[in-house]
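Presented below are the structures under discussion, each in the form of structure tokens.
Heads up, the next two complexes both have chain A, just with different partners, chain B and then chain C.
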Partner chain A sequence: MYRSQKLSLRYYTAAVALFGVMIVFGLLSALYYLYPSLLFNVFNFNMSKILHIDTLVIWLLMGFLGAVYWYLPKELGREVEGMWLAELMFWVFCAAVVVVAAVFVFVQYGAANEFSMWFINQGRKYVEAPRWAAIGIVVVMLVFAYNVIATCIKARKMTGIMWVLVLDLIPLLAVYLDAFPAVTNMSVDLYWWWWLVHMWVESTWEVLIGCVMALVLMDVMGTSRRIVETWLYIEVMLVLGAGILGLGHHYFWIGTPQYWLSIGGFFSALEPLPLLGMVVHAIYDAGTHRMKTNNQPAFWWITAEAFGNFIGAGIWGFMMTLPQINLFSHGTQWTVSHGHFAFYGAYVCGVIAVLYVAKQQVSGADVLGGRAWKWGFGLLNFGMVGMVMGLLLAGMAQAFYGRAMGGSTLMAFTTASENPWFVSGMYARMLFGVVFAAGYVVLVYDLLTSPRRVPALQAQPEPA
Partner chain B sequence: MTASALIETAALLGLFVLAGGGYGSLYSVGRLWARPALIRAGSVCWIAAFALALTIALRTPLDIGWKLLILASALVYAVIPPLIWRYLERLHHEQEIRR
Partner chain C sequence: MDIEDPSFWRAGAISTTLVMLVVLAFLSIDSMRVISVGGANVPQYDVINHQIGYTYNWSRRADVPVIGGPEPLFGKTVTAAEATALMRTGKLVIQSRACMDCHTIFGNGAYYGPDLTKSWLDPAWQQIWMPMTGKATREDAMVEFLMHPDKYPTWTRAMPNLQLTQDEARATVAYLKWLSSVDTNGFPANFGQSGKQP
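The block that comes next holds the complex of A and B.
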């Protein structure tokens, strides 16, 4: 095993641990909707929500970094350049996450001054980490970029996947610089803040997970390099064509020019088309291999990714992306429903697939199967579907009663929050959140236990 | 847009994409297992998607531009699965020959 793959395992461990923290704070956040005075003035809803979302971002990022460190030496046939720096950065990253989490839990907030911005909370949604930590993330990502680029140069080898990955690192780093607030005008600030959130989630991360999935597909299903690279190029084209300008679908209620709403609606409306293509491709690939693979869990999580992405981003997104609907649904639990499903489909399933790839190699098992992973797969998917259905119900009630009927007043918001449809949706979310948490426990159990020895399948994957 | 129209339109939009996805899935599984009945079921899904697009165009308060976009999408949905399937077959065939 390469040294960078050992580092990758550390990243996976940290990612899975933070996945658990994310679930804990997700459940706690869900509880506040049922018991609004819960932990009042001790640990308020806003802090729980911050920890839920920030750990989501960090665990997925750690999963991506782990996946790249895992595959980089395999792809280029040599150890990753600058490993000592990469290892140091891993510990810096972990220490920073622990310190920031401790500050969020115990200090929570400070006065509106420079000190708070630097050491407590930057005050920007999803990137609340204080400025010193945000600078730390930039350093970690710079080292990561150095590792990737320097290894390519030393190896004197560039594959199509590596080109896409290297080029993706530029916007990945550049848009994160948006995390540093520099303007005091709220509209201007939010305008640029969405560049960070949208360009990471719906552009650069999409390309990054595309690269990772391309490597996983070659590894697990033996799909040929030419096929995965062709699809990766198509994905990049679609991201550039539809993803970037879909940015406009966020520009509601923040004072941006109205033309953005039409631009955003138009390009977002195109997004289900490539996702439909992905579904066809997933079925074709699954059929070509007759569902036979030596790594069943990874195979099923890859398949879940294609379908989850289509349903979460495609169906759930299209339901609310056109401006006349988005005007009402924006910022309700409806959006939360879409966000949960799309993130889960596009990223979570992919990262879990990578975890199983690593498990197979680490355990030395020829075949990865058993029953525990099926329970984890079932509970996580069932829990997620239940949660998003509950959130959809609650969000539609908010849009209907609070926005369209009530005119978005404070009183209408309160009335909608007490509506039985909203309340039942929130109870359903809580219940299925517990199911999801149970799925996480089974997933961790399965990842940590040694697989039973089973002879390998006759049909081996095609060589890449 | 009224409150009822909001929910109806959103539901129709979601169902439209769901039907498109049903078409793509059934068409692909039908081709994979060589089951014409599944391919026909896929076609029924596409007809449903087109009917939903027409309903959106005729009954919802969306602006005309969005209605046209949805009708055009319904037509594009019709060609995506066969087009991609053919492309994948060709790609895999070329790969086989190369090996």
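The block that comes next holds the complex of A and C.
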């Protein structure tokens, strides 16, 4: 095993631990809707929500870093350059996460001044971490970029996947620089904030997970490089072709010119296309291999990623993104429904797939199967779909009763939030959240358990 | 042209991305012109010296802010510099207290509390909080509420006390008044006029 793969295992361990923290604060955030006086004035909803969404971003990022550190030496045929720096950065990253979490739990917020922005809480959704920690993330990502680029140079080898990955690092780093300013004008602030959030989640992360999935497909299914690289280019073309101006669907209501209504609506409608392409790709690969693989969990999580990405990010996003609908659905639990489904389908499933790839190699098992992973797979998927449906129910009640009929005032918000459809949706979200948490426990159990020894399948050679 | 050749799709990916980035750059330059303070959609900060309304515009088929006559905030007309300082503090309050991890502004944020885009215009200030706090004006009621929200709950999901000073609360009220003057292409629709419009 390469040294960078050992680092990868550390990143995976940290990612899975933070996945658990994310679920704990997700359940707590859901509880506030049912018991509003819970921890009132002690630990309020906003802090729980911050820890839920920030750990989401961090654990996925750690999962991506782990996946790249895992595959980089295999792809380039040599150890990763600058490993001591990468290992140091892992501990810096972990220490920063612990300190920021402690500040969020025990200090929570400060006065309206620059000190609070630098050391306590920036209060911008997804990038609440104080500036010093945001600088830390930039340093970690710079070292990561150095590791990737320097290894390519030393190896004197550039594959198509590595080109896409290296070029993707530029916007990945550049847009994160927007994690620092505190612009007074909210319209301008949100304009650039969406560059960060949208360009990460709906563009650069999609390309990054596309690179990781390409490597996993070659590894797990034995798919030819020519096919995965062709699909990767098609995906990049469609993701960035639709996604860059798809940014416009966040510019409907923040003070921006009216033309964004048309541009955002049109390109958002195109955004499901690349995700549909991934579904076609997955079905094609599964059919080619007659659903046979030596790593069943990874195979099924890759399949879940393709379908989840298309349905959660593509269909659920399209459902609420045209401006005529978004005028009423915007800023309701409908958005939360889409957000959960999209993050889960696009990224969570993909990261779990690479966890199983690592498990197979670490355990030395020729075949990875058994029953526990199926329970984890079933509970996590069932739990997520249940949460998404509950949130959709609640969000539609808000859109119709709170926004369209009520006119979005405090009383309209209150009335919609007391509507039986909203309340039952919140209970459903809580219930399925517990199912999801049970799935997480089974997943961790399965990842930590040694697999049974089963004879390997015969490799199925594929025409290049 | 061989569509099974990866280099064909690589060229497509590069050219599509570059074209879209150039278009986005031009649109962003134009958008900055419109959304900068004093631009077509975002009034100067000293708009807080004026009355602000929100009415349906038939030609645009959307609700739009309407700037009216003088209506100084807290009874005092502020200069442009004073207004800018107030807004700076107001925005820092919103960030330092993580307001948008409970509320939304322009529909962005979290969904535990109501949207604040037009909260300055919410009839609840006159109907509920002015009588509740015993204050004679909307802005004084807002300051009192923001400093002691846990004393004035209106339903089960109450706002916690985030230890705002009086200066911070006044700056937040100023910021919310300015926010209500931003032209948001009709979001939120029908604000305060439930079901009256087509």
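Criterion: the second predicted complex is superposed on the first by the 455 of 464 C-alpha atoms of A that agree within 3 Å, B and C clash if a C-alpha of one lies under 4 Å from a C-alpha of the other, contacts with A are read in each partner's own complex, and residues count from 1 in each chain.
Assume a residue touches a chain if its C-beta (ideal position, glycine included) is under 8 Å from a C-beta of that chain, and two chains touch if they have at least 3 such contacts.
Only a predicted model underlies this, so the values are computations on that prediction, with no experimental measurement involved.
Model built by superposing both complexes on chain A: chain B and chain C fit together without a clash. Contacts of A:G364 after superposition: neither chain B nor chain C is touched. Judged by the touch definition given at the top, the superposed model places A:V279 against chain B, while chain C stays out of reach.
Once the two complexes are laid over each other on the shared chain, residue contacts for A:T230 go to chain B and to chain C alike. For the combined arrangement built by superposing the two complexes, chain A sits at the apex of an angle of 90 degrees to chain B and chain C, based on C-alpha centres and given in steps of 10. By the touch criterion stated above, A:G77 is placed in contact with neither chain B nor chain C. Within the superposed three-chain model, A:P420 lies out of touch with both chain B and chain C [touch as defined at top].
By the touch criterion defined above, A:N185 lies against chain C but remains apart from chain B after alignment on the C-alpha atoms of chain A.
With both structures placed on the common chain, the touch criterion links A:F328 to chain B and to chain C. Comparing chain B with chain C, the partner in contact with more residues of chain A is C.
By the touch criterion stated above, A:A404 is placed in contact with chain B and with chain C alike. In the composite built from the two structures, the nearest CA pair linking chain B and chain C is 6 Å apart.
Residue overlap on chain A between its contacts with chain B in one complex and with chain C in the other: 226, 230, 328, 404-405.
Residues of chain B touching chain A in their complex: 1-3, 6-7, 9-11, 13-14, 16-18, 20-21, 24-25, 27-29, 32-33, 61-63, 65-66, 69-70, 73, 76-77, 80-81, 84-85, 88, 91-92, 95, 99. Those residues of chain A that touch chain B in the shared complex are 224, 226-227, 230, 262, 265-266, 269-270, 272-273, 276-277, 279-281, 283-284, 287-288, 310-311, 314-316, 318-320, 322, 324-325, 328-329, 396, 399-401, 404-405, 462. Across the complex, chain A meets chain C through its residues 32-33, 36-37, 40-41, 44-47, 49-50, 109-114, 116-117, 120-125, 128, 160, 182-191, 193, 226, 229-230, 233-234, 236-237, 240-241, 244-245, 247, 250-261, 263, 327-328, 330-333, 335-336, 398, 403-414, 417-418.
The touching residues of chain C, counted against chain A in their complex, run 4-6, 9-10, 12-13, 16-17, 20-21, 23-24, 27-28, 30-32, 34-37, 40-42, 84, 87-89, 91-102, 104-115, 117-119, 122-124, 128, 150, 154-158, 160-162, 165, 168, 171, 179, 182-195.
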